[in-house]
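First chain written, first letter: the chains are A, B and C, and each begins at residue 1.
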Amino acid sequence: MAARCAADRKDSRVTDLQRRLTREIAAIRAIDCHSHVPPESPHARGLADLLGYHYYTELAHSAGMPAEAVADGTSAEGRTAEMVARLATIDNTVQYGWLMEALAELFAFRADRLTAKNWPELDQAIARAGEDDRRYREVLASANLEKVFLTNTFDEDLSRVDREVFVPCLRTDDLVFGLADADVRRRLAVKTGVEVASADDLRDAVRWLMRYFVQHGAGSAAISLPPDFVPAAPDEAASDRALARAAAGKELSADDRRTLAVFAFDALAAACRQFRKPFQLMIGVLRNVYPSGVAGGRDLLSKRGTLEQYAGLFRRHAEVDFTVSVLSRAWAHELATFAWIFPNVKPSGHWWYLNVPVHIEYELRARLEAVPKGKLIGYYSDMYKVEFGLPKFNMYRRVLARVLAREFVEEGRMSEETAVATARLLLRENPQRIFGV
Amino acid sequence: MAARCAADRKDSRVTDLQRRLTREIAAIRAIDCHSHVPPESPHARGLADLLGYHYYTELAHSAGMPAEAVADGTSAEGRTAEMVARLATIDNTVQYGWLMEALAELFAFRADRLTAKNWPELDQAIARAGEDDRRYREVLASANLEKVFLTNTFDEDLSRVDREVFVPCLRTDDLVFGLADADVRRRLAVKTGVEVASADDLRDAVRWLMRYFVQHGAGSAAISLPPDFVPAAPDEAASDRALARAAAGKELSADDRRTLAVFAFDALAAACRQFRKPFQLMIGVLRNVYPSGVAGGRDLLSKRGTLEQYAGLFRRHAEVDFTVSVLSRAWAHELATFAWIFPNVKPSGHWWYLNVPVHIEYELRARLEAVPKGKLIGYYSDMYKVEFGLPKFNMYRRVLARVLAREFVEEGRMSEETAVATARLLLRENPQRIFGV
Amino acid sequence: MAARCAADRKDSRVTDLQRRLTREIAAIRAIDCHSHVPPESPHARGLADLLGYHYYTELAHSAGMPAEAVADGTSAEGRTAEMVARLATIDNTVQYGWLMEALAELFAFRADRLTAKNWPELDQAIARAGEDDRRYREVLASANLEKVFLTNTFDEDLSRVDREVFVPCLRTDDLVFGLADADVRRRLAVKTGVEVASADDLRDAVRWLMRYFVQHGAGSAAISLPPDFVPAAPDEAASDRALARAAAGKELSADDRRTLAVFAFDALAAACRQFRKPFQLMIGVLRNVYPSGVAGGRDLLSKRGTLEQYAGLFRRHAEVDFTVSVLSRAWAHELATFAWIFPNVKPSGHWWYLNVPVHIEYELRARLEAVPKGKLIGYYSDMYKVEFGLPKFNMYRRVLARVLAREFVEEGRMSEETAVATARLLLRENPQRIFGV
């Protein structure tokens, strides 16, 4: 974290205690339980791979860059030049801070800013480093990350995943919300051998997938959910009828789709129970609210709904660990309180639009003050290239050190040693134990 | 507060000003306007009485302890041993902090932790202290609490309450939500002499109860409410019909029950007006969301609803003081703003799932910055045994000192003397004046 | 800001860095993009003009003053004496702080408090200063405000506005929510020459107004909206029918009114596009929730609804800048995230019930951490007399300095120079560029 040049000590409220905690927390080898790193191309092979992260393109677009400037069909060089020229418009954001910290720490980039003049050399340095097919291992070591979870579609080939550092995770959005789609059912049949035409078939296929994933080292299933999704006890008969209609090539009604989503979701929870794996719920996303945005920058959130919608699920599947993230600040208090009461609800990280220091600081303190420490999954990166693991986790490590120093040790509520041990739970031991990795 | 051993001064952002304010605020003799202390057994007679507090059993259960381990039928010794073994899983929480501070300050417990080895001796010390029937007075003196409100069911015998330190309070949940229950109506008839079979009867019974309570020194009526309750002008005719049906032994519909709840709630507000007592509204609880939980650890909250639901009530009963607590953080801003505008809305304390320093600090600052100081009821303990008054109020006193120091005195918005005077309003003078005690 | 006398340095967490930033930010000549200053009487001509601000009367009423004490028909002297006697009940609030800072800085008032004895002399000093018809220019210079936006009804005479310091703004509430009112349509016809009896007429009238306002230097259109308003694509045919009914003197149904509101709102957005001016949306107010309150102190807010209601509008009018304020804390996260994604959504200031340091500090940090800096409109005063520009902007300048010092410079995320440059964007350069003033 040397890249950051803070105010003089006399001009800062950062105490020596906080500095020590920051150093000790930086030394914890962490587990990252959610990312979108593509196993076949985990590290950057050029600056465009970093500047193409949706945070940069969407913020630059939000600040005035036409979406077309970085659309499909543009050259990597063109996109990079465009993005470099736009960075000054977003240099106040924490996301910009991630980029500059990653460049400094991983590529020894020493300039204050990216410019039209200095980026080509950096681009080449990234390309050169990227030529080493195992470069991602070095990058993860620099970030002090031991394991990184992937997000795998259900028919992805897991045999080539580098399981030394990566952990597969069954992404289930397609299975829950896409069963009306003939192509999804076809892919499912290809993968599992089950032509799904009944509720039983669907349960079989889901179990097959979960077994396959667990055999390949998977740590969990995962899904992202809209704010108005309401899990419920599955309706076997209605699901049978809907799947029969789908198998017969008929169009499904909105009711049918909802019935199937509820059924598939519950079948996945049951499979998690059978194979003793947690189900990662990421609740609250509204898809494609801004269709004219850049790729990856079209989704938003809504404060609608309540975690109460999930109470029945948590009761019905009491033996399944649900590691839960929410996308709206309005839901955060409910999450902490449900985790306080339900043994199987475990707050997980700070997702996307809540992955900003101001919100992390508040929610982290709230969780540390009232949820048993062994239930807290501190953080995950949600990254698409391993290079972002370092600055994202460093951001979290710093906030964690700050909260532990200012709210716990300074106030006499924890010793310094206990604070470090607590940090170790959040960053490492809890995800190890909960996900069995 | 000597029990807390904070960081070295050079490692802490706690200023001498904050330390002085903490001391001065600790010296204020406070009024506790809401508790569940049982008047016939107000203090602990063994460690099980402290470890049996739902915060400990529910958090231990949330962290992995089977609910059966502390269920009815288990021995006090077994429950205590179990809970002692579980405490390490929740030692990060503020609730754990309450326990350790109470043990240190009230029972001179000096060990760092409760262990299988040291708890029996402590248990005996608590039992010995508890043998003195007036022990609770000492405990309250240690907590610097002058008066503690009780929560009495409507047919409780108030003649034996020690009114030197306790203040009765009419808990009205049964009357509002339980009138369909023949047993509630029977108990009401036994107590008041009124067989309730009409709206007029109900008003009479409610007035009788309020008079009885006020004659026995009651400070207020109180009720806890679900997030979707909507007070409204009472429907006299429909209430007459519903009560007649109930009196005739018929089952009441959901509509009938709602009609009666609205009617009884309004009749209680009217009785508060007649007897010039505040109505304590505690809004937002969802009962029995997690039925497999430990006793007292099954309720939760929802962010649904809005304080707007109560605007008509506040208008209709302009002469009644409503001291209002909310359970969801999502409602907190509405509470502060309604108190800013309505003369008869008075924010009260930090209830249950909001009784955590992070939330107290934010909401306390929000109230102090924009609600007239004379309207703020700082805190209440909500405790079941008097021993928890000390650490809970100390937690609040510390947060209050911190907010006054950091946001008001340091920023030049208040003198140190005014800060202490403001604290005295919140802890003592406002509850004294508003509840007339 | 010399009026504030803070704690000794050793008793304060305020660093020299923060003090320097406070000074540098005080030196930025700001633009105030929303006020209710009446152009014909912009400055106070007596103490009653200051104490009559709704914040003081509503808070004093909330703390016990009868609303009648300051109702129409009372004398200025009587109102002033009453309010002076009540001020002690609200002296903890930030609003009281505004008053005392304005008196000290603008009228050299040196006493600690207003009293029955000292107010008459102050009243005379204010009256004497107010006799200078250009007094408001001095006041704005003292506040370091270069321009102040007004809020003009659509038929206000703009020719006499002092455009050296004031910027007209078309307030559109009447046009959107009042078209069913024959008097509104009559005033519209008088002003624009268009007798509105069809959707086309309405569009013409709206365009006429927007042209007239822009020709007279207007910076934007503006509207305040209830939490349940849902903009939608306009229904031309239904609007035609509703306007024909209205023109024929018929009563309009609730549906008709809604149809017209949606149509007029969209027509205004289209006019903003045509004349390249932003539309200021102020979302979330509930009118007349407390009708017995003092004038200006009867409205409140509700957490109902979601900014999602506006997503279609933001898409449909992609070329219009919407500068958006929300009234409920529950909406604040949505606002920051919508501004993060939509290029044409720009968070604006901290409105009314969120214009309190605790909320400003949190939301300002949230915006600075994740919204491009060029999109943030830092603050506006919402004042009714120019005297309040100074303390309100000073409050914001101080919070801004605190956030920049503590969260950005101390943490090594920004240099001190960049922090000042960022403050200049928020206070001056962004409103200049976005509103074209």
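Following the convention adopted for this analysis, contacts are C-beta pairs under 8 Å (C-beta built on N, C-alpha and C of every residue); 3 or more make two chains touch, one makes a residue touch a chain.
The structure presented is a predicted model; accordingly, all values stated were derived computationally and were not measured.
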item: Minimum number of chain-to-chain touching steps separating subunit B from subunit C; value: 1
item: Cα superposition of subunit A on its sequence copy subunit C - rotation in ° rounded to nearest 5; value: 120
item: Equivalent interface positions on subunit A and subunit B, same or different at half; value: different
item: Between subunit A and subunit B, centroid-to-centroid distance (C-alpha), Å; value: 39
item: Interface hub residues of subunit A, defined as touching at least two other chains; value: 13, 330, 362
item: Contact set on subunit C toward subunit A in their complex; value: 13, 15-17, 306-308, 311, 314-315, 318, 330-334, 337-343, 362, 365-366, 368-375, 405-407, 409-414, 416, 418, 422
item: Footprint of subunit B on subunit C - complex, ascending; value: 4-8, 10-14, 58-64, 89-95, 97, 286, 289-293, 297-298, 300-304, 328-330, 353, 356-359, 362, 398
